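In the two assemblies presented below, chain A is common to both, partnered first by chain B and then by chain C.
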Partner chain A sequence: MASVALSEAEKVYIVHGVQEMGIGGGHLACFSSPRVWEAQGEKEDLRVDGRGCEDYRCVDVETDVVSNTSGSARVKLGHTDILVGVKAEMGTPKLEKPNEGYLEFFVDCSANATPEFEGRGGDDLGTEIANTLYRIFNNKSSVDLKSLCISPREHCWILYVDVLLLECGGNLFDAISIAVKAALFNTRIPRVRVLEDEEGSKDIELSDDPYDCIRLSVENVPCIVTLCKIGYRHVVDATLQEEACSLASLLVSVTSKGVVTCMRKVGKGSLDPESIFEMMETGKRVGKVLHTSLQNILHKEESLGTKRQKVGFLG
Partner chain B sequence: MAMEMRLPVARKPLSESLGRESKKHLVVPGDTITTDTGFMRGHGTYMGEEKLIASVAGSVERVNKLICVKALKTRYNGEVGDIVVGRITERRRSAEDELAMRGFLQEGDLISAEVQAVFSDGAVSLHTRSLKYGKLGQGVLVQVSPSLVKRQKTHFHDLPCGASVILGNNGFIWIYPTPEHKEEDAGGFIANLEPVSLADREVISRLRNCIVSLVTQRMMLYDTSILYCYEASLPHPIKDILKPEIMEEIVLETRQRLLEQEG
Partner chain C sequence: MPGDHRRIRGPEESQPPQLYAADEEEAPAARDPTRLRPVYARAGLLSQAKGSAYLEAGGTKVLCAVSGPRQAEGGERGGGPAGAGGEAPAALRGRLLCDFRRAPFAGRRRRAPPGGGEERELALALQEALEPAVRLGRYPRAQLEVSALLLEDGGSALAAALTAAALALADAGVEMYDLVVGCGLSRAPGPAPTWLLDPTRLEEERAAAGLTVALMPVLNQVAGLLGSGEGGPTESWAEAVRLGLEGCQRLYPVLQQCLVRAARRRDAAAPL
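Moving on, here comes the complex of A and B:
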């Protein structure tokens, strides 16, 4: 993961900011071994940019930015910039699931994001993110895969989801999952009909109208909420500096109804079961608000229709 | 908890909001500035085929007979006497070094120093031969473009709002709580890891957001502009300062106040 170097004093400053300010409390000898405070009074959590522990940075979402894809989205979360393109292609279904289409994920960590990603440097992170995306979509309800089937055992739609990391400013997983959801919402798959003639050979007919498409329902597509453990509290939407102070993080994948589809711990530090439970509850709470905001903004963008001023990359 | 999502808005060209009468002459590398050979060429220009051509992307500045191009976004070029804030990335590995310095300065530490000499390849040598320089303790670092830091007599400022700031010429801005005892300029020997009070933290976070807003709106950074921006931001909660519309409002107010002060 792209990271920044911080001095001990900077880390101490960040950790103190996140934790509660106990009244007349003692001090931390070093940030990696905190003493438990007797927290009284208001929890005045103040991060370096003034946010609270559960606040996100401002998110810019735009869909339909790449013209030659079936669906695309660009998400900017602070300094993190993600571009997702979805291409729908016809192929044969998998042997074990003959009535369904499927999704394929590919993540490219561009060298534009940080010099660490030059050459093959970004491959490890790319495969890690792609595997996480496979896991969170690996259940029956996230995307209705049966709607992607054209004719069982023979033809189905395969959605190739390509994620491009343009800039890395912390909290990659959240931004990528938001962008994937927005891109899937924007995806328009051409409507096809299977015609069978007398001999039994099948023909696939594409509709004449280029706007005649099927849309995917993204009601149950989950989003990832990353909770970084800093000191003995956890924060949402960590910047690169905060990630450098955190030894362990929990990635929770939450649907809009608050259902957790998958959970993953990253980092070399340890998490005790109490913390994991608290972080999961926070993740569910934050996830529901995240989904509501995203759905509102996507519907707002769609309602603007052709009046919408496309900003793209030259804005 | 706060979560805000919005649709992106195209950036307005800055001159509209300023109401500038004279447009800046912007050039890119290779552009002809003038064919008049009577001018002396300054930084960012070169003579070719009887024409004065720009070698960097920026705005043309003319002082009597001297024409130079001031680049809008550059790598830092060291000058003797500049104050810089830097992070230690690598160090010499020798026995004496291990004994003497490793206990004090580690990789990843931040220091403030002054440029002593500049080599022909652009590398600079630094010195910390004064107790006001040295290792930096708790605080916040903001990285900006070096061209936005105004050259002044002093780069160490104790702002009246309750925090201190070091404006490094290399674009590294260090914001830290004002130390109570001014006499002991110990050069950072004693690392103070006591928790910083909430009031100081709020001032530091607010200053950090103000500096980020000024930089986003391409304003020069110096103690007065930062202070005016801080005062303009006081009615708003700290985390709202980074919202685009509030950022524009605050920086516009700062700009107006600075113009009034000059005029």
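Moving on, here comes the complex of A and C:
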């Protein structure tokens, strides 16, 4: 993962800001130096950029940015920039699941994100993220795969979800899951009909109207919430500096109804069992709020229709 | 190994007969959800590896070998601030390279050796679970190689591999804070799902969700956690984690005995 070199003093600064200091109120009156205000700020959860422990940075989501895809989305979360393109192609269903289509994920860590990703450097991170995405979608309720079937055992829609990491500013998993959800919401799969001749040979006919398409329901698509353990508290949406101070994080994938579909511990350190339970609860709480805001924004953007001003890469 | 041309694979459009075979296996028998299968563990069995361990739990058989520490490949980076306790600075700390392989005959269907994404994901899970336990700061600029080979998959393979890898590291004399014990769980689909500890292959295949927990028993710290599927609300997952941690604690004495026996065997075999 892209990392930033922090000195010990900077780490202490971040860790103390996140934890509570618990200094007695009476003693503070004796000191008139600026330390008084610093100590008071440290009593509440205060991060370097002024956020609370459960606050996300400002997220910019825009869909339909790439015209050649069936659906696309771009998400900017602080300094993290993700571009996701979904292409729907016809193929044969998997042997064990002949009535369903499927999703294929591919993550590319571009060398623009950090110099560490040059050449093959970003491949490991890319496979890790792709495997996590496979895991969170690996259940029956996330995406309705049966709607992707055209004719059982012969044809189905395969959705190739390609994630491009343009800039790395911490908290990659969250941003990528938001972008994937937005791109799937934006995906328009052309409607096809299967015509059967008298001889029994099948023909696939595309509908004439280019706007006649099926949309996927993203009600149950989960979003990842990464909780980083800093000191003895945990924070949501860590920046690169905060990730450098944290030894272990818990990745929880939550749907809008609060159902957890995936849990994973990331990092070199270990976690206390009690903190795991606390982090799961926080993840569920934060995840629900994230889902509602994302749904609102996506519906609002959709309702603007063709009048919407496309910002794209110029904003 | 490039494509296997010696076997007769049949015509282009052929499919394996298992697809059409009737599902003659009945549903797995009802059992106590907290039962752990009896475990056979032995350390120090490979002569060529620095440390090794073999673990058998039910039908799952894992063999793990550790080699090193040897000089780390990859560029040298400058030193950073030194860690506490006189350990090497962060940039010079040792590395743990884990490799997880499935034997081609391990599962029901033959899988060619480069297993693809799944093996790399499990290798990464192994590494993330073992790193908290190993004192890598004591092996500056060195790398330790841990390779786990799954000989037969009878359920909770990753948990067995984690335990075997920790035993192998201990057998190799690598400095560790604590052993890592792994435990697998799965949740059966159905109206009243319960989490089953240490599932068999049949239970795992029919499961709606699966979870693997790795615990450091003495320190009571969770070293690794990997779970996915339709697990339900967070309370259900929390219950599963608690069940898994309890299972790990119950497994610990067996592993302690295994290491003591291996040490005695090594003493007896050493020339006086």
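In this section, the second predicted complex is superposed on the first by the 295 of 315 C-alpha atoms of A that agree within 3 Å, B and C clash if a C-alpha of one lies under 4 Å from a C-alpha of the other, contacts with A are read in each partner's own complex, and residues count from 1 in each chain.
Note that in this section a residue touches a chain if its C-beta (ideal position, glycine included) is under 8 Å from a C-beta of that chain, and two chains touch if they have at least 3 such contacts.
Computed from a prediction, not measured in an experiment: that's the story for all the values here.
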* Touching partner for A:281 - first (chain B), second (chain C), both, neither -> second
* Asked: So, A:134: does it touch chain B (first), chain C (second), both, or neither?
  -> second
* Answer with first, second, both or neither: which of chain B and chain C does A:265 touch in the superposed model? => second
* Which of chain B and chain C A:58 touches, first, second, both or neither -> first
* **Partner chain in contact with A:152 - chain B first, chain C second, else both or neither** => neither
* Asked: Of the two partner chains, chain B (first) and chain C (second), which one does A:16 touch, if any: first, second, both, or neither?
  -> first
* So, A:273: does it touch chain B (first), chain C (second), both, or neither? -> second
* To do: Applying the touch criterion given at the start, work out whether A:250 contacts chain B, chain C, both or neither, answering first, second, both or neither.
  => second
* Thinking of the overlay built on chain A, is A:76 touched by chain B (first), by chain C (second), by both, or by neither? -> first
* Looking at chain A, which of its residues have contacts with both chain B and chain C? -> 5, 7-8
* Structure fact -> The answer for chain A against chain B in the complex is residues 5-10, 12-13, 16-17, 21, 25, 27-28, 30, 44, 46-52, 54-62, 76, 236, 285-286, 289-290, 293-294, 296-297, 300-301, 308-309, 311, 315
* For chain C, which residues count as touching chain A in their complex? -> 15-16, 19, 80-81, 117-118, 120-121, 124, 128-129, 131-133, 208-209, 211, 216, 219-234, 237-238, 241-242, 245
* Asked: Which chain B residues qualify as touching chain A in the complex?
  -> 1-11, 87, 89, 106-110, 136-141, 191-198, 201-202, 204-206, 208-209, 237-239, 241-244
* To do: Show which residues of chain A lie in contact with chain C when the two form their complex.
  => 5, 7-8, 95-96, 127-128, 130-131, 134-136, 138-141, 248, 250, 253, 258-273, 276-277, 280-281, 283-284
